[in-house]
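Two complexes are shown next, each including subunit A; its partner changes from subunit B in the first to subunit C in the second.
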Partner chain A sequence: MKLWILAFRNMGRNLRRTLSTAVAIAAGFIGLVLLSAYIYRTKMGLTTSTVYINHKGHLALFKKDGLEKFAAKPSKYLISREDQEKLQVILDRHPDEIEFTGKYLSGTGLISNSKKSIPFIGLGIEPVTYAKIMHHPDLMRWTPDWIFPETIATSNDLALNPNLISITAMMGELLGKDLPFSQYQGEQKSLQLAAKSYFNDLNANNVELGLRHTTGIALAEDTSLIGSLATFQDLYATDGIQYWALFLKPAASVAGFRQVLAREVKQAGLDLDIESYNGEIWGAYYNGSMSFLYVMGSFFIFLICGAVLLSIVNSTTLGIIERMKEIGTLRAIGFRPKHIQSLFWRENFILSLIAVFSGQVISEIIALIVNFAHFQFEPPGTQGKIQFMLATNWKICLVMALFLLLLNVATTLVVVKKITRPQVIKLLTESGA
Partner chain B sequence: MIPPEMAPSKMISSDLIVQVRDLYKTYQLGETTIPALRGLNLDLQAGEFTALIGSSGSGKSTLLNLIGCLDEADQGQIKIAGIDVKSLNENQKSDLRNRKIGYIFQSFNLVPVLNVFENVEMPLILREEMTTAERKDLTEAALKDVGLEDFLKHWPDKLSGGQRQRVAIARALVTQPALVLADEPTANLDSKTAHMIIDLLLEMNSKRGATFLFCSHDEKLINRVQKILRISDGKIDGITAINSGGR
Partner chain C sequence: MKKYILSISLFALLFGLELRADDQKNTQKEDTLAISLLKASDEARGSVTEGLVWDSQIETVEDGESNTRNFVVKAKDHDAFVEATSPARNKGEIYIFNDRNMWFYKPSLKKPVSISARQKLSGQASNGDIASTHYARDYTPTIEKTELLSGEKFHVLMLKAKSENLTYDMIRYWISDKTKLAARAEFLNLQGKAFKIGEMEYGNLITTAEKKVPFISRLTITDAKYPQNKSTINYKAPHIEQLASSLFNVSNLSR
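Presenting the complex of A and B:
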């Protein structure tokens, strides 16, 4: 306790230097918190967009090799009705992990307004799942720019009318349909889907325009179409599905549950692959974007920590040089080298703690101001502008604070150990600064 | 773990507290080697009040620093209370300084961010076996002995030179050491204050029974010791015993 008191009082000996070191640590911590807040917000936005808006689920079950080969030979890689029934039994065992599930079927074809036809890449979805996704709280929290109020308001319509389809504003423009799509009535909202069935017959369906969505991804925006699973199964003449997406509860571990599920699927004799939303192929956009952000983030963390570390080294070295004689006196009255080291690490620990706490408060204020200001920007590859948001996360902040504190303590110990190594008499006779 | 031989000292008047044999110490100044001690021998009995005198550069401070385990000899043996300091590692030397030796510096060397009580208590906080109450009692007793019992909460920069040296003396004595070393303890004090400090050192020697060894040029101090060791060219070249010690 006495060493803590001494350490605390020592901080006041050269207030200007103590303050400048604290500012350097606090600035570094603010940098780390804001950087992590941006990365965390992007991660959550991308996760929500990938899992819900792009209907990939946290986990998705495909026929073996189906993820890569379904587009080339869909009939071979469909999950049959029989397999779906077996899978349903397995999924029913996990109400604690699974929030809800959705069966999907994707395919390509042409969409026509009787005058003009354009290609589409469509996704058939169960209407109940569609409604659950559109009302999911994560969408409003993390991707409010990519979910329109009208999409939420009309999301139950698919269940009432399975013939409805959802298209993007860009596809609407190509088809000569302006927003809002709800303005079209009767024949005006009638559209046709034409495609080659999985058994090589030409097939067509009458559908109705009524819903709007966005993928959030620029490249997919002019071809994306969403309809009911029944519409797509009818169009492609199958009762199978391409994949079964699982939307997990927040507390569930995606990787952990994937392992459990893989084991049970294998035990049931089902030949299925399980893909996760952050996988290299299934979650390519998420995976690529986050990998880039992590590399960029690591580079900045390295720079920030380097600056903080140099500041600590500088401040501690000056502090030791100024107090050589005092250190010598303490050694002369019986302090061991480790006691001197512990005195200095305590000083820097207290200083870092104050700086980190102040940095956290300032970071929260900056994040509040930035979020309140509603800055808009368009990240590369995304569709339309989104709000620049900073989302601090207490767990990440705590980890970074501990990391910074440990880094400071370790740096201090190295510096003190090196400088206080000489004989006691040399410390006592040093003139200091 | 504290070795039993480092337990708080119990003075036996006939004990040898310091034994120095064939001590050599040289300093390197650039390319020049300066011999400070050249085969010095010395014995100090428990309770002695001894002055070390000699011209500047004769090796007084070097000897004091070596006996105080603040520096390392090139050659030779030093035993403090029977313990050969050469056999000790850095931590054991720290413990020996803490438990057996008190050091009084010329310029007091008080810690400016600690008050009088805390400065004196400092050596005791290293004693894990000691309770807070025991530390408090010993500290207050030491401060009472030097007449500063009313200055416990005062900061060093608010004290006079004489008061600061009293604090330093109390700090040196609070651990009840077997040996007290003092390097020019009155050099930074005016004549009147120096006289009071000399009285105090003598009183502490008498009351606490610790062995005092100090180097000084102060005639007033030298005239009141029991024994004078004259050091010249790195060796003891004269011992003068004064029975009454001026007390």
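Presenting the complex of A and C:
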């Protein structure tokens, strides 16, 4: 305890250098916190967008090889009604992990306003699942820019009228339909979908324009269409589904539950693949974007930590050189080298702790100001502008603070160890700085 | 000496102009021949101004699976009305061709759907293959060469699409010099490679107001890469019939 008190008092002996070191550590920590806040916000935004807005679920069950081959031969890679019933039994066993589920069928075709037709890439979804997704709190928290208030307000309409479809504003423009789509009544909102059925026949059905959505991905905006599962099953003349998405509760582990589910699916004799939202193919956009961010983040962390380390080495070395005689005196009155080392690392630990705490407070203030300022930007590949947001996470901050403290203590020990070894007489005769 | 050089130059110039004029005449002649050949061959594939009705059966073999679909085709001038008669699930489905535009309709639809002639109707047969053929209207022909097939002289025409909404971008087309009937077609992609091959037979006869003309009885369309995948369109009972113009009015299909 005496060493801690001594270390704390020593910090005030050269206040200017102590302050400059603290500022360097705090600045480095602020950089780390803000960088992690941006990456964390992006990760959560992409996760929410992938899982909910793009309807991939945390986990999705496909017919074996269905993820890659469904588009080429859909009838072969459908999950049949019989398999769906077996799967339902398995899913019912996990109410603690699964929040809700959704059956999906995707396909391509033409959407027509009787004058012209344009191609679509559509997704058939169960109306109840659609409503649950649109009211999910994660959407409002992490992707408010990609969910329109009208989309949430009208999300229950699909359950009331399964003939309704949701298209993007760009598709509406291509079809000669202006926003808001709710302005169209009767025949004006009548549209037709046409596609090759799984019997290889040209098939078509009536749909009604009523809902609007955005994919958040620029490339998908001119073709994206969402309708009820029944509409799509009717269009492609099937009662099968392409995949069954599982939306997990926040506490559930995606990887852990995937393993459990894979075991049970296999035991039931079902030939299914389980894909997770961050998988290489199923979550390609998420995966690619996050990999880039992680690489970029690692590079910046390396730079920041390097700068902080140099600052610590510099100030500690200067402090030791100045205090050679003091160290010699301490050694002469019975202090051992390890006591001297303890004194120095304690000094730097207290300094780092104060700097990290101050850095955390300043980071929170900066994040608040940035979020309050509502800066808009357009990330590459996304549709429209989104708010530049910083979201600090206490777990990440704690890990980084511990890492930085550990790094500072280790650096101090390395520097001090070399200098406290010489004989006492040599230390006492050193002139110092 | 000067006079001598001037005379030679003048002679060369006149000779060159004469040759160029001959070339132009030959090209014009060839173009005229190509168009007349195409017009004559179109007649035997339904391009007649009078109403023409026939039954069409499409037999498709694709990836080892086979199916048969039947249609009644009613064509007049540049319009066509095609109604599916079997199998039962397709009965009542209608395809209307207005000039180069095409619509699909079935009884449960509120409005017809505008579709592309290029889209596959069944197997290798595209929507545009089932109705009458108007290559003389839709394509610009040039004679590539003439060649002998089984001892018969054929003109090989290269047809280039005049607009983008046609069934094919380019067609290499074999027309008999003697009968003026097309016997073979290679449907080419934009790179000039054949992706489908068509072979025609003419076992039918139709009697127009003026004369009896041969009419196509079978068109076999084979996938150029996977020859086991093919569609055969059989043309049965073709006959001239008075057809009202309202039959081809797409507005009449709406409920």
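The criterion applied here is as follows: the second predicted complex is superposed on the first by the 433 of 433 C-alpha atoms of A that agree within 3 Å, B and C clash if a C-alpha of one lies under 4 Å from a C-alpha of the other, contacts with A are read in each partner's own complex, and residues count from 1 in each chain.
By definition in this document, contacts are C-beta pairs under 8 Å (C-beta built on N, C-alpha and C of every residue); 3 or more make two chains touch, one makes a residue touch a chain.
All figures in this text were calculated on a predicted structure; none of them were measured in a lab.
Overlay on subunit A: subunit B and subunit C fit together in the combined arrangement. Contacts of A:L330 after superposition on the shared chain: subunit B is touched, whereas subunit C is not. Within the superposed three-chain model, A:K266 lies out of touch with both subunit B and subunit C [touch as defined at top]. In the superposition on chain A, A:K64 makes contact with neither subunit B nor subunit C.
Judged by the touch definition given at the top, the superposed model places A:R13 against subunit B, while subunit C stays out of reach. Here the apex is the CA centre of subunit A, and the angle it makes with the centres of subunit B and subunit C after alignment on chain A is 150°, in steps of 10. Contacts of A:R93 after superposition on the shared chain: neither subunit B nor subunit C is touched. Look at A:R141: by the touch rule set out above, it reaches neither subunit B nor subunit C. Of the two partners subunit B and subunit C, more residues of subunit A are touched by B.
In the superposed model, A:Q423 lies in contact with subunit B only, and not with subunit C. In the superposition on chain A, contact is made by A:A204 with subunit C only, not with subunit B. Superposition on chain A leaves subunit B and subunit C with their closest Cα atoms 85 Å from each other.
Residue ranges on subunit A touching subunit C, taken from their complex, read 110, 112, 114-117, 187, 190, 192, 194, 196, 199-206, 237.
By the touch criterion given at the top, residues 65, 68-72, 90-91, 94-95, 97-99, 103, 105, 109, 111-114, 118, 121-123, 125-126, 171, 175 of subunit B touch subunit A in their complex. Residues of subunit A that touch subunit B in their complex: 2-3, 5-6, 9-10, 12-13, 325-326, 328-339, 423-425, 428.
For subunit C in complex with subunit A, the touching residues are 62, 67, 89-90, 93, 104-106, 108-116, 119-123, 127, 254.
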